[in-house]
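Each of the next two complexes has chain A plus one other chain: chain B in the first, chain C in the second.
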Partner chain A sequence: MLTFIGRRLLTGVALLAAITTFGFTLLYLGGGDIARKILGENADQQTVALKAQELGLDRPVLVQYGDWISHAVRGDLGTSWFSGQPVLDAISSRLSVTLSLVTGAIILIAVISVVLGVLAATKRGWVDRFAQLLAIVGHAIPGFLFAVGLVLVFALTLGWFDPTGYVPFLTSPTGWAKTVTLPVIALALGGIASVTQQVRGSVIDALRNDYVRTLRSRGIPARRVVLKHVLRNAAGPALAVLAVYFVGLLGGAVIVEQVFAIPGLGQVAVQATTQGDIPLVMGLLVATGILVIIFNLLVDLAQGWLNPKVRLS
Partner chain B sequence: MSTPVHAPNPQLAVIPPEAAAKASLLRRVLRNPLALGSLLFLAVIIVSAVAAPLLAPHNPNTADISAVLSSPDSGHLLGTDGAGRDVLSRLLFGAQFSLAGALLALVTSIVIGVTGGLLAGYYGKWIDTASTWVISMLMALPAIIVLLAARAVVGPSLWASMLIFGVMLSPAFFRLVYASVSAVRNELYVDAARVSGLSDTRIIGIHILTVVRAPIVVQSAIVGGVALAVQSGLEFLGLGDINVPTWGQMLSDGFTNLYTAPLLIIWPALAIGLTLISLTLLANSLRDELERSNAPRRRRRKQPAEQPAVVGEEVMRHDDGGLAGEAVLRIENLSVGYETGDGGTKRVVHDVSLTVARGEVHGLVGESGSGKTQTAWSALRLLPEGGRITGGSIFFHGDDLAALNEKDMEKIRGSRIAYIPQEPMSNLDPSFTIGSQLVEPMRICLRMSKKEATTRALALLARVGIPNPERTFAAYPHQVSGGMAQRVLIAGAISCNPDLLIADEPTTALDVTVQAEVLDLLRDLQSEFRMAVILVTHNFGVVADLCDRVSVMRLGRIVETGPTRSIFAYPRHPYTRELLGAILGETSPRGPLATFDAGPSASPSRKGALR
Partner chain C sequence: MRFTKAGLAVTLTAGLALTGCASGSGSSTSQTSKTITLGNILAPTTFEARNMNWGNQSVYAQAVYDGLLKPAPNGKDVQPSLATKWEYNTDKTVLTMTLRDGVVFSDGTPFTAEVAAQNLLRFRDGTSPQKSKVADLAEAKAKDKTTLEITLKRANPAFLINLAQAAGLQESPAAFGKADAQTNPVGSGPYTLNTSQTVVGTSYKFEKNPKYWDANSVKYDTLTVNVYTDATSELNALRGKQLDAAAVADNSILPQVEAAGFRSSGQNLNFAGLLLFDRAGKSNPALGNVKVRQAINYAVDAAAMLKVVGLGRGEATGQVFRPESPAYEATLNSTYKFDPDKARKLLADAGYASGLELTLPTSPGFPKALWPLLQQQLGDVGIKVKYVDTGTNTIADLQAQKYGLSYFTLQRDVNDWQLISTMIAPNATWNTFKYQDPNVDALLATIRTGNDADSAAALKKLNEYIVDQAWFAPWYSPTNYFVTNAGTSVELNQGNVWPNLWNIAPKA
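What follows is the complex of A and B.
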């Protein structure tokens, strides 16, 4: 088990290295005259040269990269070129906001998909048709479009929730719920659609297994067989889909945060890329890379727990 | 080897049937009203996109500061937006640019994904390793973040961001093509093509691309939709090129003016939403049709054989001499049917009657499809989906199981009627230890504590001849052999002291040496617990070994029944004789088993078999 985790972590680190190298090359080689961009068109040549020197941009790219890496592994991602704030601070202060959205969405996806998927697979009939409809709509409508609809109906027309802003949970739990509910629903819709489809499909497949009949022949009630045995065997493929969707969830959060004016990573991302704040952009790449790696590791661990063949081989 | 001999026109052999299949696929998709509607809508959108310069009443970028947010009138059919631009014109040109952008992403991802998938799948080795790595990196990055980062470098450009997004989307095609190619690569016909000297490019072109062509079409509809969605998202953030009118830009403008002119956001939202739904519906129905045309035979194989000739045939009863004891199970005129696709019912068991007494082993013999397993499952009321008892009764100690509700049936299963399946490995849940699968039923049926159940499970494992019960108890199913697994299943079946044991070909899946051991075990347990047993088998050797009484089934009916000794000595029905002949080696080894059509009277040697 430990070697399993170790190997996954190693792959993750290699992946992170690849992502940062790729990002660095793209940003620094493709960025043109960065110092000029920062100072604007009116700055004179000398000031620009000075700025470039100050930021270390006059050095060869390879040296800059080595410098960035050696700081990054020590947890220093540099400082923002525009605000002067350390990148790590800028990101970590927003991370909790985005994470609370993403975590909420993951929980919502997991709960609804399991309930709806199992019901659709076992009861069929109208529940099944509803799940199919939801799959099509959820797949087709992008989260932000759905978010706009939610704002129009539930915030502006009905006034049940706040249309914009964010209240930390610790400040006011009800305020937090009021600001977070709609974005979480908007984020989760696509995931609910695809994960429900997967749960439904793999529950139907698992129900066809011979051991289902044998377990029922032992006097175990059908509902218990489904909830304990079938669901556990069906969970693996559904988790795999959820793991793939997590990446989309991070991207979706960027846009949904914008709709609801939530001060999360998305806002930092939009701001940093519009300004060309390259250290901050690199920091974002690292942060999302790490999040994806951690989530995939958690999913792998869950797969191992669910499936003894994965765990014991 | 003469290389180019076959080369003249290899396509001739391959393409015509494919093309025909494709044409009919399209026709079938068009018959689906949802798919047809989606196609029509997409056609309208595409036409208006292409003809935007002709249709649009205004320049989409001309801002009229004096007419900001004006309501619809004759000059501006849909009004103007926050900068005084004509909404209708922007909608039309928006279609042009949005679709062109999505198309750019789609083409990029197809080119990269298909080429990469073909190369990696066909040549394998380092190309495989390298591209798999690149793909997993692309999939670990949120597209929006990458597109934002790219924007920091190249500035706001629809085309650049769609090109980059195309690269990000290429795994969708890579994985599809890679999986198909790796599956096809070692097929015999591809080997044959290679041996006969076809060049790699031709093999890829002819044999491999034809396999993945249809799935690529389906995937394109999906990927095109994703491209449009992400593009709109990006532009919605206000990060697009303001000189290029797209639906996403209109959304952004509409959202800014959400409070003053809520109608503004409706038009682009409708355009995007309907286009995406059309693409999804189209992809779904294409995929459904593909799956349907790829799997026409799958359903048929599950259906048991047709049963024409034997309608109403009399069961040949050998003289009983009465039952040895009280009847545990009495099946009367049982019929079983399966729902067919068109709402009808297909009967697979007809009018079956049999009785099993306490302490008696009743063999149910017949070839596959004869309905013996269906009969056994009916007694447990565990018929597969779509199957049901259509007539008759199953009396178990006087209760009619056929009429019992599911809750009462659950109380009978396990504790009073138990079941040993045919295939040991697939009948244990791979996710739970063997021990927990033994303990769970005992806790439910016998209301034992976990500790009591564990003790009993270990004792049972020892009783069925497992050398190290503790180790097997803690093991997962994949860690034990098939013979062991079957012993575990037998232990599970007898764990709650059933009166009736239904064993469905309990030795068929086992090695010959293990078969004898398992049969010995079954015989010992049966006499030890004085259970009634229904033993389903196709093997008369097993019948001779274990059964007191036999019923021979053919095409869903019992054709002959009686004491084992009598059936072996004086088989009356020609089918019974053929089955017996098969083990005694009297018939020619390649002779078909059930080819006769006539009833028993047609058999010339019938007299000799009568007693």
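What follows is the complex of A and C.
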């Protein structure tokens, strides 16, 4: 197990190196005149040149990349060119906000998908048809449109939630709930549609297995068969989809945070990428890369815990 | 096993809650007279006084810093601030200012003439986008604790108003060069930035400065400025009553904002139209021919542009100067009244009877409705328009002289010399091809050094000349809106998109 974890971590480091190199290259290819973008339309050319010099943008790209790498491995991700804030501070102050959205969405997806998927697979009938309909609707409605609709109905018309912004949990638990509920629902819709289908399919497959027939013939109640045996076998594929969704949710947060004006990683990612704030984008690449690597590792370990057949040694 | 899974659920729930414990944007606002939440479309690129910008970022600067002078709401005159008196010598190259005594920065450091001199020179040598406005500053020296002497390389009619904007901001010398100077400002202004409750780039929270020398001018105990880069989220925040006042990001949301009970105050701040940079015909010989430039002016229906591109919010104009300027002449607005036949004739007279091709940059930041309309109208008179998508690099490409003309909106400063320095003078940032004309140079010399009457006459001649020579093809002046709720009053600052902070107040 330890060898497996070590190997996965090493792969993760190589992956991070590849991602950052690729990211840096892309950013430089499409970066344009960064100093001009920082200073805007009023600055004269001499000031723009001075700014470029101040940021070290007049150096060869390889030198700049080497400089970034040498600082990054020591934990120094630099300073945002567009706000002057240290990149580590920018990420750490926003990471928890995005994680609270993504974690909330993952929990919502897991709970609703498992309940609905199992019910659809075991009861069939109208529950199954509802699950199928949800899958179509969930995939058909674009995430941002759903988010805007939620704001319109539940925040602006009914006034139950705040339409924009974010209140930390420690500042006000109710304020926090009022600001994260709609974004979490908006983030979760697509995931619920997909994972419900995955759980439903896996449970139907598992129910057709011989061991289920054997368990039933022994007189074990159907509920126990499903909850203790079938679900455990069906959980593997669902977990794999959930892992993929976690990565997808980080991307989805970009749009949702923009619509709800939430100060998370997604919002800053949009701004930094549009502006060409290379230190901040690179820091975000590192942070999200690490998150994805750790989450995938945890999912692999959970798969082994749930199903000994895929346990890794 | 059951315990383990239950524990997992508890852990996940607690984790979710804990991940929500970070500092946030504090979206909800308390509608008391002591708290105000403002919406802005830009975050400050820095809080370091020497590098600060103005315009949309002026609200942040005015919260934490004092200027040597204050801009009057008419955008032209200046009022006392840290400088209480000032006077020029006869040739207007030496400015002597008497500074307020007893002012301290929020870190306790006293404000003196020596500090003011250091701040001015740091601004001149910094990288603020406004830096060119103090290009004429030769020296700043403290004569004594409260007397500052500023020497200019040559007279500059905009120097005082510049000192009331970014160039005059005063930062504590103890903060000079500090590692956190860009995000933790130390000024003597009416507020201090609460860094622990600020989310850089998204939400800025300011607390009243208890040491402020002009406590009566501070209207609120706390001030929050939220940043909305997306018009929809700004609209939602306004409709959800999360903001008390805001600079409107996009005029298309205005009807809904007004329907939500907000009062809008507007000013025609900019002008929109074509900037015909290449008046010498370096990139395209056709543009060097005044008849071609005039034909471009005649070919475009400015009223249609205002209606379609400007959503009807603004006023048609044919000149770059503002109506309150001595340069302004109402009759000039009809110089190039829409006349495609005249445009065709001018093109034929210029030797382009069979037409010509012009290349214009497009940008995601420009209004989309513009492109087909412009292409069609210029095409009607025989000018084939080729568009090149410059992405987010438009300004850099324009400054690099890659395009001889472009659509753009430029700010029309109230101070005529500021406007001239931005778009007309040979070294002006928006005279991208650095075009120089002896007639214009002579008029600029008079405007720079002449008395009020001579200067006003020269301004009028200058405006007539550049309209006749078709340096620009202005179409309309779009209205910029600032909206306030029922409990907030505002007096706009002419020439700036944001009102002066002290002119936003609880309604009596």
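The working rule: the second predicted complex is superposed on the first by the 284 of 313 C-alpha atoms of A that agree within 3 Å, B and C clash if a C-alpha of one lies under 4 Å from a C-alpha of the other, contacts with A are read in each partner's own complex, and residues count from 1 in each chain.
Assume contacts are C-beta pairs under 8 Å (C-beta built on N, C-alpha and C of every residue); 3 or more make two chains touch, one makes a residue touch a chain.
Everything quoted here is computed from the prediction, not taken from an experiment.
When the two complexes are overlaid on their common chain A, residue A:Leu133 makes contact with neither chain B nor chain C.
With both structures placed on the common chain, the touch criterion links A:Gln267 to chain C but leaves chain B unconnected.
After overlaying the two complexes on the shared chain, residue contacts for A:Gly40 are found with chain C alone; chain B is out of touch. With both structures placed on the common chain, the touch criterion links A:Val153 to neither chain B nor chain C.
By the touch criterion stated above, A:Leu9 is placed in contact with neither chain B nor chain C. Of the two partner chains, chain C is the only one touched by A:Leu99; chain B is not. By the touch criterion defined above, A:Leu170 lies against chain C but remains apart from chain B after alignment on the C-alpha atoms of chain A. Once chain A of one complex is fitted onto chain A of the other, the partner contacts of A:Val48 are limited to chain C, with no touch recorded for chain B.
Judged by the touch definition given at the top, the superposed model places A:Gly276 against both chain B and chain C. Shared interface residues of chain A (contacting chain B in one complex, chain C in the other): 30, 148, 151, 156, 258-259, 270, 274-276. Across the interface of their complex, chain B is touched by residues 15, 18-19, 22-23, 26-27, 30-31, 136-137, 139-142, 144-145, 148-149, 151-152, 156, 207-211, 213-222, 229, 232-233, 244, 247-248, 250-252, 254-255, 258-259, 269-270, 272-278, 281, 284-285, 288-289, 292-293, 296, 306-309, 312 of chain A.
The residues of chain A lying in touch with chain C in their complex are 30, 32-33, 36-45, 47-48, 50-51, 54, 79-80, 82-85, 89-90, 93-97, 99-100, 103-104, 107, 148, 151, 155-156, 159, 162-171, 173, 175-176, 178-180, 258-263, 267-268, 270-271, 274-276.
Every residue of chain C that touches chain A in the complex is listed here, in rising order: 12-13, 15-28, 43-48, 53, 55, 127-132, 181-183, 199-203, 226, 228-230, 232-234, 236-237, 239-240, 242, 391-393, 395-396, 399, 410, 422, 427, 429-430. Of all residues in chain B, those touching chain A in their complex are 133, 136-137, 139-145, 148-154, 225, 229-230, 232-233, 236-237, 239, 251, 255, 258-259, 262, 265, 269, 272-273, 276-277, 279-281, 284, 377, 380, 382, 384-385, 406, 410-415, 417-419, 421, 423, 426-432, 437, 440-441, 444-445, 476, 478-479, 489, 492-493, 495-496.
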